[in-house]
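To start, I am sharing the structure in question, which I have written as structure tokens.
In order of appearance the chains are A, B, C, D and E, and numbering begins at 1 in each one.
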Amino acid sequence: MSGYFAYVVRRLAQFVLVVFIGINIAYVITHATPIDPVEQSISVVTSFGNTAPDAIEKMRTSLRELYGLGGSPVEQYLAFWKRILRADFGPSMSAFPTPVSTLIGRALPWTAGLLAVSTIVAWGLGSLLGGLAGYYQESRGLKLIGVIAIGVHPIPYYILALVLLIVFGFLWPVLPITGGAAMNLPQAPTFDFIVSVMQHAVLPALSLILIGVGSWFLGMRALVSHVVTEDYVVYAELAGVRPWRVLSSYVMRNALPPQLTGLAMSLGGIFNGAVITEKVFGYPGVGSLLVDAVYAGDYGLVLGVTTVSILGVSTGVLVIDLLYPLLDPRVKVT
Amino acid sequence: MTQAETMPGELPDDAQPILSVRDLQAHFRTDRFGVKRDVKAVDGVSFAVRRGEIYGLAGESSSGKTTLVRTIAGAVKPPLDVVGGRVDFAFLPGYGGLRRAPAAEVARIRWRHLSYIMQGSMNVLNPVRRLRSAFVDFAYPHIGESRKQFEQDVVAHLARLKLDPSVLAAYPHELSGGMRQRATIALATICRPDVILADEPTTALDVVVQKEVLAMISGIRREIGSSVVLVSHDLGVHAQVTDRLGIMYAGRLIEEAATVEIFRNPLHPYTRHLISSLPRIGDDVPRKGLEGAPPNLADPPPGCRFHPRCPLAMEICRHKVPATLETAPGHRIACFAVNRSEAA
Amino acid sequence: MSDLLLDVCQVSKTFTRGGLLSGQRIAAVKDVSLQLDAARPEIFAIVGESGSGKTTLSRMILNIEIPTSGKLLFDGVDLATLRTGADRLAFMHKVQPIFQNPFDSFNPLKRLDRYLFMTHRRFIASDGRITPEMAVDEALHKVGLSLKEVSHRYPHELSGGQLQRVAIARALLANPKLIVADEPVSMIDASLRISIVNLFKTLRDDLGISIIYVTHDLATAYYVSDRIMIMQKGSVVESGDARTVLNAPQHPYSRQLREAALLPDVAAGL
Amino acid sequence: MTGILRDLWRYHAEFRIGAALIAVALLLSVLASFSPYPPQQVYVVPPDVPPSLTYWFGTTSRGQDVFWQLTFAMRNTLLFGCTVALISRLLALTIGLFSGYKGGWIDRSLMAVNDTFIVIPLLPILVLFFFVMRDRMSWLLLALIMASLGWAYDARLIRAVAMSLKAREFTQSSLFSGMSTREILVQEHLPYVMPIVFSTTLNNMVWSIGLEVTLAVLGFTDINTPTIGGMIYWANQHTAMVAGIWWWIAFPTIAVIMTFIGLFLLAVSMNDYIDPRSRLRSFGGAS
Amino acid sequence: MRCIRALLLVASALMQSFPLATSGHAQGALQNIPRKELLILENPEGTVKNAGWFNIWAINAGSQSNGLQQVALDTLWYIDPESGLDGVWDNSLASDKPQYNANFTEMTAKLRKGIFWSDGVEFTADDVVATVTTQIKHPGMRFSAVLASNVASVEATDPYTVVFKLKKPNSRFHANFTVRWGAVWILPKHVFEKVDDPVRFDFNKPVSLGAYVLNSYDPDGKWYIWQLRDDWQRTTLARYGKPGPKYLAYIDPGPPDKRVIAQLNHELDVIHDIAPEGMFALAKQSKVTRAWFKGFPYGHPDPTLPAVIFNTQNELFRNPDVRWALALLIDIKAVSMAAYRGAATISAIGVPPTGAHPATYHQPMEEWLKGFELDTGKRKIKPYDPTIGKQIAEMLRPSMGEQIPSDPAEIARAFGMGWWKVDPQAAQELLEKAGFTKRGGAWTTPDGKPFTVRVMVEGDLRPVMTRAGTMIVQLWKQAGIDARIDVAQGTLPTRRAAGDFDTFIGWSVETWGGHPDLSYFLDSWHSQFVAEPGKSQPLRNWQRWSSPALDKIIESIRMVGFDDPKSTELGKDYIKLAVKEMPTIPLMAYNVFTAMDQTYWTGYPTSENPYTNPVPNWGNSRYMLVKLKPAG
């Protein structure tokens, strides 16, 4: 067990290193964008009325001060890390003075909820079907499912989402096509609200699942078709172990660890948001927050979202790495 | 086959054999990008195993011994295909092999009457599950009693085989090679089957452990009374435990006799060479190797398959297949040089 | 001392499993020494069961593993001082390996002869008098094969015995002074095994090549080797003249090994 | 090589279908050179004409012929996907093989870089790059950026195989035959990771082309170079879906699906041929 | 056939069993709010990032188009971009027009009595004073800079009179309190005086001065619902009667396709703007959808003027001959087709062809334009073609038929009047005059480099202008100029301000629409505001054009009153100067395709009844609410 402890420590150190490098890369690129948050703010404000030119210069100065854009690049960089270490992303510039963490905190549950559910469903469905297809390689039905999965997989997501929307929102209007829940419903854990959230999630989730299933299907099928040639599977079959038992405990179980790694990474990735889903279905979430932030030159918000997402994926990878010895008892921690 | 060939299992002192194999032919057939290959891995093998005996099968790699035992065990999947012959078990009469028996029958006899120890103990156990679950998966459906009772049976069985019950809680990779092989043997014998097919059960084990495992197999035969078909390329193993021994070469059984008889009086030139080339500690006599290489079974030489390497090869050997004839009681040989009468 | 071909001087090798704080340390080889004389080529057997450290030792002699402590000198050169690629090439020129699994000694997807020609090209400066084909053919003849049988063949087209011969021929092409053979016959069929072992004797006698023969098989070790060293759990338990040691093992472990060896004679006694 | 292809063609139905689909896709791309209209010009044909004999795939609301636009789009998109795939495969191969073979600190530091690339979120980076590069953001540059972000996970897979190959005896044989590291990696180990390279190439192309479409739909690509994403961008700009100009969207989508099914079938059949496991199995025969 | 029936059966069975569909209100409908009392409008900002922020006096923190300033806030005056309910000028919180002293250094505003905040506090002059002083005190507030640079002091001489003392003469100071789109909104003193830092105060829930109060909003920023005040009669809007809708929802309906679907499903009453094709699709598929024009070209011409804006500080575009040459290479018909599928209202002069302007400027100047001569260096040409509007109408007639008006006045209103003839020959002569040379079909600049013109567009954010830019690039390319499109999605405001462009498609001309005064944009074109190259240029003179003649016109306008007819004459002088100098190439009005669904509400503003601008995010849109009547 102490060996495992050492492994955890080493793995955590690596986690910290990777997160550190990742955030720095994001910082550098973010600060290289030519978009000036002050100019963007002024453009928004002044496009809604008649502002005298001489007043604008004043506004510029006070905004620069307000947004904390003063100081040398080194000072700004150090200030950034000081804040980050206190888990404070500072105020958003495009929604000044609301803190970045408030904005992210508001959007994140939607994204994370939708993506977590659809990722897990897509993973489960894809892995199950892929596992069956890899085991019963001659089955026509499964072959057909394979072709469909492969065919749906490369459809540009935007098109697929829009088609779903037109079908279920217009031609046969049974599902809501916009928002995370019905308008005018207070966001409270009431029955109505929960039902409404689920209704609104059906189409976005369906679109994500349809697109997502294919790659899990292919991955699992490939893994299983390797596992079925392993001696322990052949031996179990020979010994008359019941087919479903062979399939579940021998074939699927052994093909699972790599798939789980993929799942963990995808689950870590849910903090990236799903921009197109959010755009098409008007679903609240981090993705559109990010794109808006980029447009507004809101470094603070961009870095906030990016940092959360770096942390998400690294944590996903970390967790699966730490759990791997449990998933696959053969793995020695070295 | 010539009619003069002796059928196995008709020895007077023998009751009905528990397992008899007749003229079994199993080929590997592949068709890849139009290149058809037909590897005659087992080409007309006949033998019988009596109740309670350990029957050894020896031969080099590619001699077909593993294919033979797999075919008997019913592990026939493409590209392996049974082309002809039959396999009869006393407990599964009338079908001529697992392949032709109905699934329910096969399910009934598997593990209950016939168990199989596959080659390569490293990989035959599910690496991600504890051994206990292997016992449950493999044997529990055949035993039909409460789980608790079953657990006790397993522990008792392990104790009989001098295995600690703690192995049940272990993952395969946590056990040493020897322990793993013993556990596999325990798994194959838990239902006290009539026939155990054991393919290279001691290969890759250290010599000390190997000896213990062999002792364990002898013990099982003694205690349970199972018949064992033991495949090994190592003549030392056969010398240690088998009662009778069949020597295979290039897919054919070329000599069969009681093990002692084979070692004392090998008749087939190939067997003779095998026995004589074995180095022995304390024996400094230089030994000579056998020239040439085993034949390619996709395109075997005509006639006797050993003839290109045989020091006694005659003209007839090049185009005629020698029959397996009983030259002495219980001693069958397929060789024109030995069975001069046939050659004539 | 300079007339030693190989001087293994109290080497140990420890593998660490686990991590920074509390790694589990496994001593694979403990304080082993052995010397081979340059003037008198011999076959030196290292015998032991799995986990005895015999393979790790042979890998250290081949400079594939670096010893944790101790020194290895080959021809008076400390292996730890080999730094550059050229140094290593010069070392390989004198020491060559033979592996256990002839079917895996050559890339199954590649033709066999490329290894032979590659070895020839890298180690023997072409003097123009003999073509690479002739050199390779000659080496193959030394092991009882010919280029005709090998050229354009893939590993799967040859038997294990033939492949092991090719492997030996490849090693010979470098003109080595020492061949380290790790379990060279354990995966070879009984009918072919003896001829490989006989080939080692020929190499020693005719070409003056010393051979380190790593094996678990006491019988072949007895048959072929001049000196023997028995290892258990990383340490040497007994060593000396092969016949003396095996005919009358002193150490309990050696005796246990000797008794466990399955000899066909036992059957006669049943 | 031609022999392999001929064998595949003759004995593999999947290969035949895949090759046919890819041939169509390639044909479309090649036809781009014969287009009567420059790709960027608008209002060269009457807008919004449904598919007909004159305009096979109809015309767009921008007065472009969908068929000829599609030829350009296919050419650029395929080129884009292939460029990303090629460069990222090279990176993944080089780093994966080298890291796995060398081990030690080289492996550790390369894998630290690798892990960083795995966790960096793509979309923000790509969008930010778009702003940094502004109108210099050509598809080639986008391809380069995506290639440099798309190798990490596959490099890990390759590294795992390389580590197991390192332990194989033939690696030592090669080493003692005097081969250099480069020779060992390229000549000995490469064939074993080719199946991974093959199957990840396909995934990589689906990924890169999908991302290109995503970026295009969001308006973060060079909209003047016609690509599949670019076509969808413009269709979207003209609300083609609700305006009933379905052919503007349907044909590019069909082309993408067709290409990927084709690639998939080719990969499957080629893999069957190239995979050392199945190759060796077919050598094998009796055991 | 049987197969289809079976499919239908299955489909209907599915529909019955689909649990999500059973609740009946799967789409759109709101709980507790009857649809017939609700007007649903698009918030074109999309999703509001910071939904719970209602302090509009903080910079940029909350939504600008969520209904807050449209229906809940108020200020002194409104000028309508169209004809207005009761004339263009509307005294809102003020009871009268602004009164200036003779030298424009003091402005007095009289306020209405009996106007109350929604929390029952009466609106008084103190609120106006607080609005000014609070913002001047906090430089981070939105109108701080404007007020600080103008106002020397402000005081309430009585509860209904406010007197502003100005730092310098300014005849247009009232414009700051005059809504076209937005203005300085009056803040509630009784709320803000209790707040420590008004910059960091979210004003949630907002206290309303308009006819509506906040009912509820989505914390994720997808929708806002406003409710008619019970005491709506105590607001300024009450002068025009009771607003029709009891509830208003400002929602984010998503991408264009979805807006169309939503309106076809009658879940979105007013679409703010949509691509021309979306408008056509709606017109075709929905009988109840109405736009500004009954038929083609549907869209409402905004009082803004998209143009090709040159960076006149760039050496290449300093010479008016070059700018004119580029103008003469543009085929406005092709641009109109590309940008709007013909549904554009073109303008040859630097004033948008909308609201009061055609009558004030376009028609009177027609003769001058016809006679305008341009010296190409070799000859004099008359570039103006008065028939281009008609030509566009005729070009569209075969495919659009009935929808295209035939009355010349109607055509002029819908498609505009004339524009510049395409004249490649004259363009060539002008370029040669400017020292450019054409070699092998490609133009080179006087210093021998290829003549490269990058046209910056905003991509997705302004699709119509992106299309126009693409077409213009194509036209210039055909003439041998190395023209390139330069998509600056998102970066355009920054680059525009920094002068980091050759040309871009956008507007630097923006007017009141309903009022002929041009100072709205023209004052900022004075050379005193032109930034040095590389420095940020304040709006709106993006072309960075400075001309002594123009300065003179601007200075003259500053010295005349807002309603003074002299100001119109000076405006014409500006137009003539701009035609000669061509600092920007005016293209057309920015037509906004606002689609209005008449299923639940009727009485929307249209070209037949142009009482206001229908575009729902304008402050003036509140006038629409009193005219809306439930349908059927």
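Note that a contact is a pair of C-beta atoms (placed from the backbone, for glycine too) under 8 Å apart; a residue touches a chain by one contact, two chains touch by 3 or more.
In this text the structure is predicted, and so the values were computed from the model without any measurement.
Summarising the inter-chain layout, the chain whose CA centre lies farthest from the centre of subunit D is B. Distance from the centre of subunit E peaks at B, each centre being the average of the chain's Cα atoms.
When the interfaces A-E and C-D are ranked by how many C-beta pairs touch across them, A-E comes first.
Each chain gets a centre from the mean of its Cα atoms; for subunit C and subunit D, those two points are 47 Å apart.
Inter-chain centre distance (subunit B to subunit D, centres taken as mean C-alpha positions): 51 Å. A separation of 23 Å divides the Cα centre of subunit A from that of subunit D. If each chain is reduced to the centroid of its CA atoms, subunit C and subunit E end up 88 Å from each other. The multi-chain contact residues of subunit E, meaning those touching 2 or more other chains, are 255, 257, 261, 489-491.
Subunit C has no residue in contact with two or more other chains.
Counting partners per residue, subunit B has 61 as the residues that reach two or more other chains. Touching subunit E in their complex are the following residues of subunit A: 34-36, 39-63, 65-66, 92, 94-98, 103, 106-107, 110, 162, 165-166, 169-170, 172-180, 182-187, 192, 195, 198-199, 202, 279-282, 284, 288-289, 292, 294-295, 297. Residues 255-257, 260-261, 274-275, 277-278, 280-281, 334, 337-338, 341, 454, 459-461, 463, 466-467, 470-471, 474, 484-491 of subunit E are the ones that touch subunit D when the two sit in their complex. Residues 168-170, 172-180, 187-188, 191-192, 276, 279-280, 283-284 of subunit D touch subunit C in their complex. The touching residues of subunit A, when paired with subunit B in their complex, are 230-232, 234-236, 238-242, 245, 249-250, 253-254, 327-330.
The touching residues of subunit D, when paired with subunit A in their complex, are 112, 115-116, 118-125, 127-129, 131-132, 134, 153, 199, 203, 206, 209-210, 213-214, 217-218, 228-229, 232, 236, 241-242, 249, 253, 256-257, 259-261, 264.
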